[in-house]
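Given below, in the form of structure tokens, are the structures.
In what follows, chain A forms one complex with chain B and a second complex with chain C.
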Partner chain A sequence: MEITELDPTFKFDVTREPGGEQLMRCFACGTCTASCPVREIDEKFNPRRIIRMVLLGMREEVLSSQFIWLCSTCYACQERCPQDVRITELMSAIKNLAVKEGHLPAAYKMQLELIRNMGRLYEIDEFDNKKRSKAGLPELESTNEDVKKIFVMTGADRLIGGEEGGGE
Partner chain B sequence: MTQDSSGSGRVLVIGGGIAGLTSALQLARSGQAVDLVERDTVLGGHAMLFTCKATDRCQKCTVCMVNDRIREILDEPLVRVRTGQEVVGVERADGRFQVRLKSAGAPVDAAKCIACGLCTEECPTTPEPSISLASDQGMPRVYRVSEETCLVYLGKECERCVAVCPTEAIAFGREREIAEETYGGIIVATGYRPFAAERLTQYGYRHFPDVITGLDLEMRLRREGRLTRPSDGSVPKRVAFIQCVGSRDVKHNRYCSRVCCAYAVRCANKLSYLEPESEIAIFYMDLQAFGKDFAGWRDRLRGRVRLVRSHPAFIEMAPEGGLRLAYESVETNQIDREPFDLIVLSVGLCPGSDTAGLAEMLGIGLDEDGFLLARAREAGGRSKGEGRGGLGPDETLTQVPGLFLAGTCQGPRDIAGSIGHASAAAGAMLHHLRGSQLVTVEERDDDARG
Partner chain C sequence: MKYAFYLGCAAPVRGRHYEMSTRKIAEGLGIELVDIPEFSCCGFPIKGVAHDTFFLLSARNLALAEKHGLNIMTICNSCTGVMTEVNHELRENEDLRKKTNKALAELGYEYKGNVEVKHLIRVLYEDVGVEKIKEKVKVDVAAWKLAPHYGCHFAKPSVAYNRFEDPEYPRILRELMSAAGVGVVDHDRDKACCGGAILAVDENIALKMAGKKLESVAGADGDGICLHCTFCCVMYDDNQSKINQAIGQEYVIPILYYPQVLGMAMGYDPKDLGLKMNRVKTKELLARLES
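Entry: the complex of A and B
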């Protein structure tokens, strides 16, 4: 990798994101990685390395990667970090930045579409409502207009291509 | 100069560790009479617990200097050593200090005890006698009664030690006396408290018997001359040191304690000398090598002690027994669960547990880390050109004229650093008593600027 491919402003973009403020405190001791249950299973996820990559300015490599999405937000690293980098929150900050720059993984995009269109992650059909009425519960709508409004208000709608866009 | 030519009488030094011993000795050698107050029954403080790090040659750990200072203090006619006493009140009036000293009311009178050992032989409690030498190597050599096991304290008839003592040094039911004294100045040298390693629960200190602190290691080496495992008494073949336990950690102590790297490499060196077959590893975030000869340690340890750049995440018990250390090797990006027989947590120095109360009694402040506040840093910022380990007079001054700080009560220091700081405090005290002005670094710089 050439030094000209590095983006020295990347780290500042991350520290401006909520949760990313403490990034610069990291002195790469490795406590986070050795604490991480995801790293135990998948070598691609290494919080210490991700932080190094951010500090070095590897914007494309980090934001377009799959591994930033592997964090299970268990907070083990955050609990033990001697510099209080708040790694779990930092991972959210990096993910938010990735989304802003158009790197939303297809699986998350699909989830967003499901929630926008139905107000939940799975579809309600007649079978569900039949079971509910037997149990004395009211029927559920298969769509949820309130959630759609929230999507428009928060901008989540734009991530999946606007009103009625995407999903097909 | 005689002791009272300045008209200010004696000086009080609070604390009988290496800093207090140094200040008292320096003052006495300049002709100033000193009272040295120590809460414990023996002098020497923490440094008396440490082990000599020599292999076949001296490693310049300076631990032996403490024993030398104690001997010199006990031979020094201008120093009155008051062990077993504690400062409970300080009033300042007309530039002098009215000090209330409380004695612990211990049954053995340190001034009369000749450490003959007859009382220990006579004591009927088993397995351990309730009256014994307060410390194997501590001085003055004084006997101490255990309030937990002594029959008298348990409300039974005994006092056989009282009858056998040839100097009538033992008496039960002594009052906890309060003495009032007037001093021309005070040097505070109350020392530090080791970081409580159990606060970092991931390392299981006090849960796993073979996880010990640096201080535990020093004490075991000093007592036994070699290192054995607390769990089974065997000699550990694989030993790990974890550096920066509680230090440089913003959730505990954000500062560097300055001593841990030095004691860990010297202890590792000594262990490798005692047991050449053993495998020793030091896990560090970065080695803070203070002093001009420290940097060479990396080369000197090569091939004998492994230096691993990593801060371990946790210690666990392996299913087959034995400790395992979880860490990521920063060089290889690999995580490992490496087995060890014994793991040493290199704990740092914290402010003493009663520092806040002491500061209030003395009318001085605390710095942002809880150490006693030196005047030069009062305005926020550090004094020019010096960090916390500075030896200059700036770091011994307080807001209260005539009150000076020495050693680790003001910030982390090693033994040599404490000696230097305590000498500076003694110098500043002499300036104060003689009425001359001590120019601080800041004032000198201001003058130079005009």
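Entry: the complex of A and C
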């Protein structure tokens, strides 16, 4: 790609996201990539490479990519990073920025909807509560009004189309 | 010992045996658990897509526990990790606490920073103690040789956890397993990630990550895995046949929650510990204790 296509302010946008603050401390040693259990299975996920791409200003290549979603958040890289880049949190910052620029994977859109509508990731219906009672476990609520409010207050409801699908 | 019992999302639906065995051993060890129906998801699944939402979900749970004057006991590593992290940030950063409390006030809550978040395993180790657990053991379970699996978020990020355990050399689960009298099998991949967090994004990679663990445990002749995280168990137990398909193997490795193991050692009925609900059957393991 051409140098004119690079966006030198991309790295600053990443450092403004929670978790991205320490990005610029990276000196590219590669301890993260050597520690990464995802990279061990599939080379398309490579934390050191992602950090270089951000520092170079490859905004679209990073934010619209599939690979930024492959971090399993195991923290192996973050614990071992000699520069305290806080890489797992940095990956989270990059993903949050991607969402702000319109790249929300379908799997996460669904998870947002489930949590907003039910207050939890897995539905507890009458059948589940019956099974719980049978096992001597207390019944649980199937919705949570505070959670719906939190989604509105923090803007997450806009990511899943406002009040549609269970809100009030 | 009195805690607000934080179940998380997965345990009440996919890990009822974890919840049952936890309640059972808690009763036997004098840990009083209080259910708070208003608890919500901790926010872990959406941390990467909606940071502020995740943060406020965790903060609200903390505030709710504080309102009840209770510390939180968790059973899922991921819930423990994010709520510990949010708690740590709210305690360290006054501006953030003020900003968060402004949002919490809209919901009728305030968080002063007085709640401790502790995983069951930590409650057992720090509050109950290895010696008391040994005193409660009635049944010899030494016939079981189990491989410990720690899970990633039990002690990481270590800064948020004030480094109560070295994630590179974890020892608490091993000590608790020994206290219950079960054999501890060393294997190469005891600290490796289960891949659960990316199961919904790339199933093939997640299953292969989990497969590495099964290979490692089988290679060390473990009878099964002993763990303490709801989603790690979903990966290794519920998805074991899918893992086998992904890596071309036919492993049959029972996956036991630590409270199920300790519960057996304490002499409880396997039914009360949900040992029929483990996906990979535990019948053969149970038969070994009877002979």
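One rule holds for everything that comes next: the second predicted complex is superposed on the first by the 152 of 168 C-alpha atoms of A that agree within 3 Å, B and C clash if a C-alpha of one lies under 4 Å from a C-alpha of the other, contacts with A are read in each partner's own complex, and residues count from 1 in each chain.
Going forward, contacts are C-beta pairs under 8 Å (C-beta built on N, C-alpha and C of every residue); 3 or more make two chains touch, one makes a residue touch a chain.
Bear in mind that the values here come from a model prediction, so they are computed numbers and not experimental data.
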- Query: chain A superposed: clash or fit between chain B and chain C?
  - Reply: fit
- Query: Can A:48 be said to touch chain B (first), chain C (second), both, or neither?
  - Reply: first
- In the superposed arrangement, which partner chain does A:146 touch: chain B (first), chain C (second), both, or neither? second
- Task: Pick one for A:155: touches chain B only (first), chain C only (second), both, or neither.
- Result: second
- Query: Who does A:31 touch here: chain B (first), chain C (second), both, or neither?
  - Reply: first
- Query: Taking CA centres, what is the chain B/chain A/chain C angle in steps of 10 degrees?
  - Reply: 80
- Message: Quick check for you: in the superposed arrangement, does A:73 touch first (chain B), second (chain C), both or neither?
- Response: second
- Query: Of the two partner chains, chain B (first) and chain C (second), which one does A:20 touch, if any: first, second, both, or neither?
  - Reply: neither
- Task: With both structures superposed, pick whichever of chain B and chain C touches the larger number of chain A residues.
- Result: C
- Task: Please work out how little space separates the C-alpha atoms of chain B and chain C at their nearest point after superposition, in whole Å.
- Result: 8
- Query: Do chain B and chain C touch any of the same residues on chain A, and if so, which?
  - Reply: 40
- chain C to chain A touching residues, read off their complex: 7, 9-10, 12-14, 16, 19-20, 23, 35, 37-38, 40-41, 43, 45-53, 55-57, 60, 103, 106-107, 152-153, 156-158, 167-168, 192-193, 195-198, 200-202, 205-206, 208-209, 212, 274
- Which residues, counting only chain B, touch chain A once they are in their complex? 202, 244, 248-252, 285-286, 309-314, 326-330, 333, 335
- In their complex, what parts of chain A are in touch with chain B? 25, 27-35, 39-40, 46, 48-49, 80, 82-84
- Message: For the complex, give me every residue of chain A touching chain C.
- Response: 17-19, 37-38, 40-42, 45, 69-76, 78-79, 86, 88-89, 91-93, 95-96, 99, 104-105, 107-108, 111-112, 115, 119-124, 128, 131-132, 135-138, 140-141, 144, 146-147, 149-151, 153-156, 159
